[in-house]
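What follows is a group of structures, each given as structure tokens.
Look at the two complexes coming up: chain A is in both, with chain B in one and chain C in the other.
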Partner chain A sequence: MEIVTKNWEKINPLDINTYIRSGGYEALRKVIRETPLKVVSEIKRSGLRGRSGAGFPTGEKWEISAKIVADQKFIICNLDESEPGVYKDRIIAEKNPHQIIEGLLIGAYAIGAKRAFIYINGHYKKPAEILKIALEQAREKEFVGRGIMGSSIDVEIEIFSGAGAYICGEENALINSIEGKRGEPRLKPPHPPVSGLFGKPTIVNNAETLANVPYIIKRGADVYSKIGPSLSPGTKLFLLEGAVKNKGIFEVPLGTTAEDLIFNSLYGGGMEDGKEFWFAQIGGASGRLMPRGKLDQLLIYGPSEYPIGAGSILVVDKMADIKDLLFSWADFFHRESCGKCVPCREGTYRLWEIAKWLKNNDLKERDRENIEDILWTLSNTTFCPLGNFAAVAWSDAISMFSEEIFGK
Partner chain B sequence: MSIQKILLEFEPKLENLLRVLKEINKQEKYISESDCLKVAGYFSLPLARVFSLASFFDLMNTRPVKKKIIRVCSGGPCTMKRSFEIIRQIEMLLKIEMGNDSHPKVKLETMSCLGLCDQGPVMMIDEQVFEKVRPETVDDIILDYL
Partner chain C sequence: MQIKINNKPYNCESGETIFSICKRNGIRLPTLCAHPDLLPSEGVCRMCLVETNQSKGLVPSCVQKVSEGLEVRTETENVNKARKINLELLWADHAGKCAACLRNGRCELQKLAKEYDIDGFKFVPRRKELKSENELDLLKDNWSHVVADEKNPCIARDSQYCIECRRCVRICREMQTVEAYGTNYRSSNTNVGTPYEIPLDCIFCGQCSAVCPTAAITEKDEIEKFEKALADPQKMVIVQTAPSVRFTFLEEFGMPPGTFGEKKLVAALKALGANKVFDTILGADLTIVEEAAELIKRVKNKGVLPMFTSCCPSWVVYVEKYYPEFIPNLSSCKSPQQMMGALIKTHYAKKEKFDPKNIVSVSIMPCTSKKYEAARSEMKASGRQDVDIVLTIRELARLIRKKKIDPIKLEDGKFDPALGISTGAGMLFGSSGGVMEAALRTAAEKITGEELGRVDFEVVRGEEGIRCAEIEINDLKLRVAVVHEIRNAKKMLEDLKSGKAQYDFVEVMACPNGCIGGGGQPVPTSPEIRSARIKGVIVRDKGMSIRKSHENPVLKKIYKEFLGKPGGDKAEELLHTKYTNRKNIS
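Moving on, here comes the complex of A and B:
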């Protein structure tokens, strides 16, 4: 089942004509003949959920902004991905940038935004260059700019390059950084669809989410909603890394099990030679640890014991050093904490300190007691969800592998 | 290029503030307090607002960078591909310690994911990115580039 990765071999990302020949921009042509609200309801009926982690239904989000009357509205494509283990949006931008642009244009039309941004990770120089060329070509063909396809619709798209901050993947922090403020989250509500960039209704959608939109419009919500489970339909790009034989990106319907992804020869193909499965981390550095016995869990958006986040699966084998991984997680979050709230700023730092001592086998009894306090504080008192994320993998590791971590 | 010339390329709109600072950082290698003052004046913003933005992000410096900075990714996928062995190798080769700033010419740090997990382990020396680094070959890279 291919939606996002379809035609990747046939398309030259630097030539818009190859995208058009494979049916590109047909969805946009279809959309501008319909009313914006009809487009919103089509996306809503498709059941598409955001692909960056939270899994909020895209159509519902669009509907909030679409129904508000405002002199200005914005739509932003979130291509800031900086979760360790996740690089799917980079690959989409490199392989088929027009798919993202078309989805963004359809979104802009649906909510009534005249200005759109592609917020791209500051490290992504090559994909930013590809997107820039793609935008120029789309402008020449009159898909972007004033009077799209001869209609009276105007949508301008700008590329906005970030400057290296994990927190800017959070929609309010992202909006703040476009406004020239520190990338810190804002108090919600109001949520961005009501009051976002410069106080105007703003939709922030992940690049993979937008890449699904042209397909839904072309084939219809009914076709899309039948792929995978009804509450969380569609396909998802998963990224296999770690001790698995075939690493890389795999597009599968949601509702596939981790077991299938890791061991099926079509995807992961099992463990690397001589390695034995220990656990898998689902969803990047902020993801939970899935033991062997839970591999049959369905990978879906919505209520689930193991949230899939942005789709990364790190397979860990029994030879791996858990202390290195604990340090890896703590190191990442202490570096990326934005510093706005004390529990996260202090908590991630103290956890990192402890991780260092643990790695050097220099842990005191007192530190061991502190770990639980810190993890509780991070899980319960931080300002934004990213602080909670910092405790997820640690909490699982402490409860599952206390012997390996602390000794007998 | 002088700061004035950079400023003239951008309208003083808020969405250009980060772009201006990134451009200054690109040309001057860091953003000084006096640069911030000029930017603040151009955008009619308080100095604190501009400096707080300049000091927030990884990709901008508010002080001159006088050392070579070696960064090794400590993300999960790179960790599984032995990035900590690479760090130990560099520590032994240069007789430095990760995170410690005592060497006069080089500093070794960990860094956050660059989204190149399929090409890992990833290392950077200043702006230059190195992919698929191995503990066995890292010595050659370091000695070549320092």
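Moving on, here comes the complex of A and C:
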């Protein structure tokens, strides 16, 4: 099942005509003959959910902004993508940038935004360049700018390069970053669809989410909503890495199991030779650890024991040192904490400190106690979810592999 | 609306936060980042967490708004666990040198640590003992980015005490629009500091030091200089005390805000060994007389209008730095402190046959900015710096405590009469609108030549940021405005520029409610505390026998013997000053 990855090999990302020949910008043409609210309702009916982690229904989000009367509205494509092990949005931008741009234009039309941004991770130099060229070509073809396709609709798109902070993937921090402020989450409410960039209604959508939009418009919500489970329809790009034989991006319908993804010869093809499965981390550094016995869980958005986050699956074999992993998680979140609230700023630091001692086999009895307190405060008291994320893998590891970590 | 807190019903309005309702009803909630001058809260310290029936986890009460059917529990096991862990985390990131700390006993973190039984360190302390000016460069490269900034003339910063609550960042941005502070670095290296860690470049108002929960930002401590002067038998130590500090001094010793403490203040200064204690109110009266004369002159001769008051040094620096085009509007009158300083080392020294070089002129102020003002190069009417040492009331109280003096137990003291007679008008200088009211009392009589029936100009009193009124004196109509906090001053200046507003006379004070809310006043501060202080001022003015500046007998005598006429040559030389365009100069 291919929606996002379809035509990747046929399209030259630097030539808009190859995209147009494969049916590109037809969805946009169709949309501008409809009323914006009709477009919103189509996306709503499709059941599309955000592909960045939280899985919020995209149509519902759009509807909030679309119904607000404001002198200005914005839509932002979130291409900050900084979860370790996740690079799907980068590949979409590199392989088929117009798919993102078209989705963004449709979103802008649906909510009534005249300005759109592509907020791209500062480290993504090549995709930014490709998007820039794609945008110029789309402007020449009058898909972007004033009077789209001869209509009276104006949408300007601007590429905004961030500085590569993980927290700037959080929509409020991202908005702060565009406003020239420090990349930090804001207090909610108000939520961005009501009051976001410069206090105006703002939609922030993940790049993969937007890349699904042209397909939904072209084929209709009914077709899309029948792919995968009804509460979480559509396909998803999963990223397989670690001790699995075939690494890389795989597009499968949501509702596939991790077992299938890892062991099916169409996808992961099983473990690397000589390696034995230990556990899989689902969803990036902020993801939970899935033991062998849970591999039959369906990977979906919505309520689930193992949230799929941005879609990465790290397969860990029994040769791996859990202490190395603990350190790499702690190191990442310590580095990426924005420093705003006490428990995250200090807690991620302390966890990192303890991870260092743990790695050097220099753990004291009191550190064991402290780990529990730190994980607890990170899970329960932080300002934004980053703090909670920092505790997820650690908490699982402590409960699953206490012996390997602390000895008998 | 009604909500339940700890099973008891409380009335509230929609839009209120749980925190504010608890505070109103005396329910204790710890906080290190929320402050009544900084609403709405940002919720960064995670200390005021509570549990409610409407959310799963813990919620920060300072940002959580009430809703129908809300039930709050403020002291559950989880709540206390969260507070304790977060406090432990902060404690290990704090210098933890309480005994030597300027804020010892008045530190919000220390108080909470005591309350939550934090003894010793659960986590390894992160801050090392590092301080001093020449170590600054070294400190900058230190991994925890400890910055000790001693280059600002009024404010001292030492980031090892900082708990990143960001009150300073917000007060400087939101109340004063100066934005001298910001947040540097990220993660555990996050540090509240200045852009590029240059020495703090600001207008010296000291509001940051008034809201800082710890000793990360303090007034620049000059106690030692004062002690040295007191100990030197060659030196004649002459102290003046500002109008407002007599209403706040006793807060430092446990009395409620607004308590009139003039007599205890004078007594304590005498007990410390000050040779003479004078009242800055005489300087205030002089300022009024000079300023009224200047205003009348400007109005009659069609000079530059509106005229701005110039007794607030932070306001003066603000104009010099950000709106130099308005420098001609600033009254050329020196502030009361500097008028007193000039008189002490000239007129008084001459009269008493003291060598001015042996006089150490000290002023006790509600203000950090006065330290800067005293050091300005123009302030040398006597040929040397007119005021040598400026202490905030906090510093003075610290010294008094250090010397184990209990001012409440001291016998009442009295100002030395040579320069120590007070009027109600001068007393009013302490709060926003006071200079205006005092000036109007004098100006009205000077213009009409008749005695005022009613001396209270209530229209200029109040707490709004900008208060405007039209005052009629005979056939002269004066459009006046009273402004406090720089954000309002900025708005006033912009309105003048765009022609949206027209005034003849504007009083501006940088601090909230004027000097009574000064950056050097006792901590804590809040709108309620300041209201109580103002009440004290107003009551006292009413009870004064002399309520108009120009009727101060000492002042009359000085004009007769020494200064000549208000606005005359001698007065011009000693009591007036000039300003400098400081745009783009730091």
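In the analysis below, the second predicted complex is superposed on the first by the 408 of 408 C-alpha atoms of A that agree within 3 Å, B and C clash if a C-alpha of one lies under 4 Å from a C-alpha of the other, contacts with A are read in each partner's own complex, and residues count from 1 in each chain.
Just so it is clear, a contact is a pair of C-beta atoms (placed from the backbone, for glycine too) under 8 Å apart; a residue touches a chain by one contact, two chains touch by 3 or more.
Predicted model only: the values in this text are computed from it and were never measured.
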First (chain B), second (chain C), both or neither touched by A:243: first
In the superposition, chain B vs chain C on chain A residues touched: B
Partner chain in contact with A:350 - chain B first, chain C second, else both or neither: second
Which superposed partner A:373 touches (first chain B, second chain C, both, neither): second
First, second, both or neither for A:179, with chain B first and chain C second: first
Contacts of A:220 with chain B and chain C, given as first, second, both or neither: neither
Chain B versus chain C as contact partner of A:165, first or second or both or neither: both
Chain B versus chain C as contact partner of A:336, first or second or both or neither: both
Touching partner for A:122 - first (chain B), second (chain C), both, neither: first
Contacts of A:23 with chain B and chain C, given as first, second, both or neither: neither
Residues of chain A contacting chain B in one complex and chain C in the other: 165, 182, 335-336, 338
Complex interface listing, chain B residues touching chain A: 14-19, 21-22, 43, 45, 49, 52-53, 56-60, 73-80, 84, 110-118
Chain A contact footprint on chain C (complex, rising order): 40, 42-47, 49, 57-58, 63, 78, 81-82, 85-86, 88-90, 92-93, 122-124, 126, 163-164, 182-183, 185-190
Touching residues on chain A, where the partner in the complex is chain C: 165, 182, 187, 334-343, 345-350, 352-353, 366, 370, 373-374, 376-377, 380-383
Interfacial residue positions of chain A with respect to chain B in the complex: 81-87, 90, 121-124, 160-166, 177-183, 198, 239, 241-243, 247-249, 281, 284-285, 312, 314, 316, 320-321, 324-325, 327-329, 331-332, 335-336, 338
